[in-house]
Amino acid sequence: MYIYDIYSMSTMTGDLDTPETPRMRVILSNSSSEPIYEQIARQIRAQIIGGELEEGSLLSSIRSLARDLQVSVITTKRAYEELEREGLIDTVGGKGTFVAAQNPQFLREKRMSLVEEKLADAVSEARLVGLSLDDLSEMLRLLAEEE
Amino acid sequence: MKALIRKDLRLLAPYWWLILPGHVLFSANGVISPEFLFWIGVALAASFTVGLAVIDWRFDADRFVAALPVDRPAQVRARYVGAIGAAVLGTALYVAYGSVIVAAFPARLGWRTGAGAWNSPEGIAVFFLVAAALVLILLPLLFRLGLVRGIWSFGFVALAVMAVAISRVSNAGAEAPSQALVEELAVFVDDRGAAVAWPLVLASLMGLIWLSARLSIAGFRSREL
Amino acid sequence: MEDNVLEIRGVHKSYPGFTMRDVDLVVPTGHVTGLIGPNGAGKTTLVKLVMNLITREAGEIDVFGLDNLLHEAEVKARIGFVYDEPNFPHDVNARDLGRAIGPFYRGWSGERYRRLLGEFGIPVRKRFKALSKGMQMKLALAIALAHDADLLLMDEPTAGLDLEFRRDLLEHLAAILEDERKSVLFSTHVTSDLERFADFITLIRDGEIVFSLPTSDLRDAWGVVKGAADVLARLDAPDVRGVRTGPHGVEALVANASLARTKCGPGVVIDRPSLDDVLVLMTRGDSYVESH
Amino acid sequence: MDDLLVVERIRKAWDVVALEDVSLRLPPGHIMGIAGPNGSGKTTLIRLILGHIRPDGGAIRVFGDDPGLSGRAIRSRIGFVLDRPISYEHLSVTRLGRLVADFYADWDEVEFQRLLDEFELPGRRRASALSRGMRVKLGLALALAHNAELLVLDEPTTGLDPVFRRELLARLSAIIADGRTSVLFSTQILTDLDRVADFAVFLRGGRVVFSGPKDDLLDRWAIVRGGPELAAAAGADAVRGIRRSRMGFDVLFDDMDAAKPYCDGPAVLERPTLDDVFLLLGSKESQ
Amino acid sequence: MWNLIRKDLILGRWTLIVNGSMALLAPFILLIPDEPPPVILYVLYVGLMCTMLPVSLIAKEDKFSATAFTCSLPVTRDDIVTSRYLGGWFIAGGWMAAVLALGLLAPAVRDLWSNGAGGALLGGLTMLGLTIAIVIPFTIRFGMNGLLFGLVGLQVLGMVLFIGALATGGLDGIERAVKSVIDAVGSYHERVGPAGFAVTVIFGVALLNWVSWKASRRIFRTRDL
């Protein structure tokens, strides 16, 4: 049937996962309430803090990212401006945008705040479902042991 | 402006094999008399001149052309070059058809020859004048009023011009107005001598073309597309 | 009262460069069925087959339970049709059209026709050629709606019409559908109209019916999984309806978003598909022939 | 790099007002979408840019000059596709190319052939035998082959199916990637603007009802759908439009936070689609 | 089915009025200088003008491809074909009778009928019948353009045959054949007398229309609109 073979075709040829330079990966959702430029900034920030985008590596330009993601140039510009304000990236006139030099201490701090944020989400979700603190910490322990 | 002229030629390119045979067949009726040949020649010339004049409206492309990097005076000038060129082509065909007919049926027809004849310089000048006059009147109206209103008003203007021309000439010979015109021009040339008359004729013709072009440019400049 | 206003069984029709082989389609009564598909997919062919404007090589078509060839006149008496190119004679005005067409239909009401003309803002005396394209479509709609048809068959009725009129038209059709005996088959390229208004969506492509599903399924059950290339491996194949690879990852249309969620875990984005997404993801690139 | 297109308080009227007090700016390397119902002035604005007509009031500058005066120079840097994408349909694709090439000093035949291949347009086929989508692509190829700095498209997506539309919009996004060229296109299908358009201009009855970055609409604006009690919100300054709905009122706010206080109880706070914004913005009740 | 004819009358109102008025010009035939023309000429002229009415309606429907619209109305395809035949006879026949009756008011026209009235009427009816029988199936199958091309094609064919016959001297062969047909009809006319002849002709025309109606129905049933 037509649909099946497109799916298998793409995996067989394996053109999807050819090893490439560690490229930035941004997946946009148009039905989430988070504005598009925040989604872009969040994912790039996570990839910088997570180390997938090392220091000094070149990011794709505002316009080529807009073209890739099929969004407006203003959206990507706003995302880059936000990241630049946070000191995660800096733009060298004419040469492009690079991941800024992160001092390790600042990086750890950033990661800590990321973890905190995620835990806060978990707590609010748990309260919604009516989980008590013990159940929550029990789950945390199980998850921690799994890794 | 040259690009506009080449455009018109390119547009006509696919139709040449259709236009020419039709014309040759149609011109066969010219065998009857110089008068017939004259008016059929004018009709053929008009099919070129008017055809070229309305070509952009025919293909509904007036906005397309106006969006190209050409200014309006250039469009008008290109249109006049095309129209006058077509009138010259019409005249050439007129003379060609006439000569073929005269060669094919010399005895029976006994058309007039020499001064004032259909193929004398006066005859050719009158033919060209009538062929060109048609489009020199039409173009300013088209450029100012667009296709529909342009053609309508052209209808009225042409009637008026015809009425004037015929009434002036009718006393000379009702049944052959064109040949009467040729004779009149021949007389005009004789009185003043060729050296004076012809430059005058040419000058007035150029003046007519220049005037019509100026009117067209003025009209087209402010026309909303 | 039939539960299906229109049933197409095993229909076969071929033009040079286009064939439609044993097509089955069922349009439920009392509902709006949206027909979507790329140009040249066969939307117009289907509509013309139902109206017997073109002959078919094989297959049956029942409208209101009646065979549309044996009961041609009776079937057409209860259909209001709008074609993408309204082909009325050019020198006709709305008033003449109403007087000429009225007697053909039992349910025709001159009063309703005049009210529709007023509502759509159509000048009664103006010649058809002098109307704008949008106005010509509105006149065709007024005629189709004026004889209280049980089935409204519309091929691209909103082409070239603006958003406001399209919304009013949809509200007008919604009012008609309060009587559950009425049904609408509505083919369009502007899928946003259908998203809120259609109960069922039929996708047709290259002469084949790809699916006929309730719109709610497409909106709630289906999903577009967006993620890195490896995400595809985690999905189970039969669930995937179409894939498109972009510079930043892949988009996979799946028929069961919740299943995909369990397979891919929280990190992967799963969006609700718009009808455009469904159409784009299920169409293989740019394969267009003359529109039929 | 100053703006490619500057329109200041333009006025144009025949027996009816076509454009009234319209202002907008288009910087290089951006896409501007102009949306509006039939007869809202979209085509009039495009005809002004191309120098087909002259404004009655206000000023328009393309590449810094007035299209009415130095139209020729301006149009040599503009690529256009009119709402009738192709004229001279009796000519074949290649013949049309040769005809248009003659008019542009910096026509790039290699680029034109590449575009024909990319759009799968057979050179020998007559333009009249092409489908509407194919004709829009041919129009685009003709417009792009002389590296124009401004692309003006009059309702290119009308009558095209979604796959074609998305592909065309992706192509526009690629065109502006060089940061030099800008695109201005009119449309009646607002979802065209959802993705790649940078600026949106909504016209209604010749007036600008909204003009600015499209992201503001999608990211900052909000709609509250609720019961009759929302009528009270009509006065608030953040309200840009209010319209009666089946159950009560839909209220459009130009700021998400300003909308929050109104959605206690049954009222729902949503992020608007461009269709909603367009309908609510000009709705009668809001005037 | 009568609705279809009524629809054509309403929608084609202007076309019918314009073409119908041409038939009213018939009495001007009397202006031809020599002694009053035979009545057959008068009737044939009226007949020709009247047959133009249904033909112009069919041409209009074909031009705007309105047949798809007509076919979407609650009628069967056979109804459409039948309405064209009945409509043709009703419109053309009815208007022809009206014009001829109207003509009787003028005394000059009335005495035209003094001789050969029967033959003239028969001629008119035959022409009407033949036109309808040929035009309708032809336009259904090939459309109006097809019909026009067909007519032009026939003319060209005629010219070629004529020239061929001229060249090969076979001209008198054709003349003889045509003469023999006329003689046969003439002798048949003597044998059965005017009434009998009229009946046979009417029966022939009716039969032709019936066959043509059958053929048209079969063609139209499988025609894609």
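Which chain is which? They are A, B, C, D and E, in the order written, and residues in each are numbered from 1.
Here is the rule we go by: a residue touches a chain if its C-beta (ideal position, glycine included) is under 8 Å from a C-beta of that chain, and two chains touch if they have at least 3 such contacts.
Just so it is clear, the model here is predicted, and its values are computed rather than measured.
Shared contacts of chain A and chain C, meaning chains that touch the two of them, come down to D. Any chain bridging chain B and chain C, meaning touching each of them, is among D; the list is complete.
Put simply, the chain farthest from chain B by mean CA position is A. More C-beta pairs touch across one of C-D and A-D than the other; that pair is C-D.
With every chain reduced to the mean of its CA atoms, the largest distance from chain E is reached by A.
Chain centres here are Cα averages; for chain B and chain E they lie 42 Å apart. Distance from the chain A centre to the chain B centre is 75 Å, each centre being the mean of its Cα atoms. Chain centres here are Cα averages; for chain A and chain E they lie 82 Å apart. Chain centres here are Cα means. That of chain D falls 57 Å from that of chain E. Touching of two or more other chains is recorded for residues 30, 70 of chain A. The set of chain C residues touching two or more other chains is empty.
Across the assembly, chains come into contact as A-C, A-D, B-D, C-D, C-E. By the touch rule above, chain D contacts chain A in their complex via residues 29-31, 169-170, 173-174, 176-179, 194-198, 213-215, 218-219, 271. Those residues of chain A that touch chain C in the complex are listed here as 2-4, 6-8, 10-11, 15-17, 24-32, 68-70.
Those residues of chain A that touch chain D in the shared complex are 30, 33, 35-37, 63-64, 66-67, 70-75, 78.
If you check the complex, the residues on chain E that touch chain C are 3, 6-7, 10-14, 60-61, 64-66, 68-69, 71-77, 79, 221-225.
Remark: chain C residues 226-230, 232-233, 237-238, 240-243, 245-250, 252, 268-272, 282, 284 touch chain A in the complex.
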